[in-house]
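Each chain carries a letter (A, B and C) given by its place in the written order, and its residues are counted from 1.
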Amino acid sequence: MTVQEALREDTAPVRSRRRSRTRWVLPVWSWLVILWLSSPIIVMIVFGFNDTTGKFNIRWQGFTLRWYRELFTIPDLTQALVNSLSISLIVTVIATALGTLMGVALGRYRFRGSGSVNLLLFANIAAPEVVLGAALLSLFLTLGVARGYWTIVIAQVMFSIAYVAITVRARMAGFDPALEEAARDLGAGPVATFFRVTLPLIMPGVLAGALLVFALSIDDYIITSFNAGNTVTFPLWVYGASRVGVPPQVNVMGTLIFAGGVLLALLAAVANRRKQA
Amino acid sequence: MSRSRLSARLAPYYLVLPGWLWLALFFVVPTFVMLSVSTQTGDIVSGFKQTFHWHTYVEAWDAYHVQLVRSLVYGLVATLLCLVIGYPVAYWIAFRGGAHKSSLLFLLLLPFFVSFVIRTQSWNFMLSDNGIVLSPLRHLGLIGSRFHVLQTPYAVIGGLTYNFLPFMVLPIYVALERVDRALLEASADLYASSREAFRKVVFPLSLPGVFAGVLLTFVPAAADYVNASILGGAKTTMIGNIIQTQYFTNLDYPMAAALSFILMALLLVGVFAYARALGTEDVFEVNAR
Amino acid sequence: MPDVPTHDDLPADILRGLTSPRMSRRSVLQLGGASALAMALAACGVSSKKGATATGTSASAQAKQFWADKKQTGTLDFANWPLYIDVNPKNKNDHPSIDEFTKQTGIKVKYSEVIQENASFFGKIQPELAAGQSTGYDLMVITNGTYLDKLRELGYLIALDQSRMTNFYKYASPLVKNPSYDRGNVYSMAWQSGMTGIGYDPKRTGRPITSWADLMDPAFKGKVGMFGDTQDLPNSALTAIGVNPETSTEADWKKAADWLKKQRPQVRKYYEQDYIDPLSKGDIWVSMAWSGDIFQANASGASLKFVVPKEGAVLWTDNMCIPQHAAHPVDAMTYMDFVYKPEIAAMLAEYINYITPVPAARAVMRHDAAKATGDDKASLDELVSSPLIFPSPSDFSRLHRYRVLTAEEEKTWNSLFEPIYQS
């Protein structure tokens, strides 16, 4: 407790009494919300261990690790997972590259047309997925383009660029142009300056944008379903499987992706702390 | 102009060009194409021709205004619920989180590492009439034997609220986290109660976050169709379901395009009106700061 | 020191004018240009280039010419619905009937379960076919009805090689030989047939269900499931009001729509094939159902019953057909005829649990049942005697096919029935 806080508490006893009466409300509420948010995940993880025999994983029939062993025994599901991962990686690379360039431009420079570019990004984020997906589908239908793997990539990059651009632009707010000028004074060309000075400084923003794109892309259902043709991604497969019964392998894959995400976030936290130390 | 000066002037345009091109080709142009498809007539067997048949919009409204209004209502209710549920959580983490702020935020966002289709399917499983939530309640006599949650508007709105909560919490958290603690101390020195301090200092400063949160929640919630499809029933069809059916089952592309346009227009008009009302010109400037 | 005026030299108002973004003439022109371009693009419209439709005797001559130079290639790309083929219980990706096919003919099969709905599958392959491209499949299974008709009308199907259909003509049941939706089996051979009747959980309903009228029982309010589509739902409603769908008129359709509207408060949800889960869980007690689904659910531990209502029910057939520009048509024909061998038909029927197009399969299954023991014997016996797999003559008399609709009729039909499940 700082001196200021101590002084404040001393001079306002009435306030602290009132505060202590309702002080528990916020934490209890928040923990209840966190519990509510986690409950379907807990169910998903638990039923990944269900020794179910029927098509529908609905009644608890005993504990088993069988599904972890038989994880890749449904080729369509495995293919869907592979599709999702590969699409998301490609989309992340492209969208991060394009979005970073836009974000740097918008954050670093004042130029004519920046307003309309900002408007474009805003409209892209504000427009609902149904409309984005349907419009792109209309384009493909009109041009007679068959939908499949690459139309999914195109669609997902389209809605991801804006998120990276905005994240990077925010990061550019603290960027000192003097650093770039210094690099140029030392003889570096614009490309070298970008890769050796600008990019490393905004890297946390770029990585945050990339992570966001990956998360949005791997989980995307609506835009992907409009533009997927016969290609199946993981969310599409799970949605389709509900009609004939979601196999426990889906629970296991969900659990593993979840665990993977947790691990990544923990690593990022540890790396951050080490950097600060 | 010297070469380096010129390239400095052109630099932003080079940087923006690739992304801008992608968005122009795959966002802006398709929107116009969709507009043009919406005025075509025909069917999948004999082909579609451009006839500037604007009447499709009237037919679309006539046939589906119930679902359009219902979608806006569901979206609004879900957004308000997200606000009411999420604001206290954002406040608690921002102001009382202390050293654990990022861990608490992480804990809050953890469930969203799992695919949202799986999460919604999980709810479908949990809220089943004889499932793990309703069975015990029925045994305790707290609910009637006919009581059910699935296939009611409550299930759909509940699903929407659940799935979009982080979009509300995050922007509000960011805005609250930036509130200068010195302002709170100043208000305390001026004998404001903590409630007054909240009402007059903290809440107004969090408004840009609230605006961003409402925007990021309302638009996707109103246009969603997955929650209605998995958790909904006979009378909860949303406009997203209709659009999807028109594109993939009826193959009535003009009607589908017209409906998409009406939805987009309604949502964007609402968003811009809201932006004007709050006086925030560029939401993302504020949100990103 | 450059001579060029910098920002600082310009008067403030001019500077503001030069740098503030606004809707300039350039951007208006850009906007106009973009929309003009889009309009031009779209003026072409979403095209549907028709292929040649084969009709009459010239058609069979055309077909003979088509097949004259085609040869077996050793590969086959087969698109089917999920859970619609036999599966090795020890390895879910292995299909014994396909293995047998490869063993006997040497043709390797790439099997994909990509068809979820006729409409959406049609929507996916239509642009490719319209553009004259291959769909990537040599063989697909399409239900008789709107989309099979559309594929035929648009000329998107290859007429079958009648000389390669010996097993078919020898073993196919009269139900699927020369059917009303494909006279002369020019384009299709049946894969399996099924019935859309009523499935229910007797433990929850408390009484046996025998008719569509039972679905109006107030005791089942909110516990009824129906299909949300424009095929099974309207055709079943027509049988419910005592009309044969195949010969129904617009006046009949209106009456059927009224019946469905009266039923709405009873219905919990209009499902798209995903009714089995809620029916097993108890969220609904009675539902429109496909015969095979009920059988399979019971095999997985449920205790549901299926009934062909006394007013009647719909019989549908899923048909194998070959899309245009298929890369391996001869291999497709070989497969199509292969599955009409009674022993192969029995292999499929023992697993798929829908109505097999080969009546002789029953004798094979009886033979297998006599040889089997224990659980296998019990399930085989059940299959052989099940009216869901081998309907009785009295069942058949109550079964009708879907109404065949012209494009104009389809508009009226859809406008009457879609609002029922889309509200």
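One rule holds in what follows: a residue touches a chain if its C-beta (ideal position, glycine included) is under 8 Å from a C-beta of that chain, and two chains touch if they have at least 3 such contacts.
All figures in this text were calculated on a predicted structure; none of them were measured in a lab.
Taken as a graph of touching chains, this assembly is complete, with every chain in contact with every other. Pairs A-B and A-C differ in how many C-beta pairs touch across them, and the larger number is found at A-B.
Computed centre separation for the pair chain A/chain C is 36 angstrom, with centres defined by C-alpha atoms. Here the spacing of chain A and chain B, counted between their Cα centres, is 15 Å. Multi-chain contact residues of chain C (touching two or more other chains): 41-42, 45-47, 281. Shared interface positions of chain B, defined as residues touching 2 or more other chains, are 28-29, 33, 37, 128, 247, 253. The set of chain A residues touching two or more other chains comprises 58, 113-114, 141-142, 242.
For chain C in complex with chain A, the residues that touch the partner chain are 18-21, 27, 41-42, 44-47, 82-83, 91-93, 112-114, 116, 124, 127-128, 130-131, 133, 136, 272-274, 276-277, 280-281, 296-297, 300-302. Residues 53-56, 58, 73-76, 110, 112-116, 140-147, 229-230, 232, 240, 242-245 of chain A are the ones touching chain C in the complex.
Chain A contributes residues 4, 8, 12, 15, 18-19, 25-27, 29-30, 33-34, 36-41, 43-44, 47, 58, 97-99, 101-102, 104-106, 108-109, 111, 113-114, 117-118, 120-132, 134-139, 141-142, 154-155, 157-158, 161-162, 165-167, 169-170, 173, 184, 190, 215, 218-219, 221-222, 225-226, 234-235, 238-239, 242, 246, 250-251, 254, 257-258, 260-262, 265, 269 to its touches with chain B in the complex. For chain B in complex with chain A, the touching residues are 4, 7, 9, 11-13, 15-16, 18-20, 22-23, 26-31, 33-34, 37, 85-86, 88-89, 91-93, 96, 102-104, 106-108, 110-119, 121-126, 128, 132, 162, 165, 185, 188, 193-194, 215-216, 219-220, 222-226, 230, 240, 243-244, 247, 253, 256-257, 260-261, 263-264, 267-268, 271, 282-284, 287-289. By the touch criterion given at the top, residues 2, 4, 34-35, 37-39, 41-43, 45-48, 117, 119-120, 122-123, 126, 150, 153-154, 222, 229, 264, 267-270, 278, 281-283, 407, 414, 418-419, 421-423 of chain C touch chain B in their complex.
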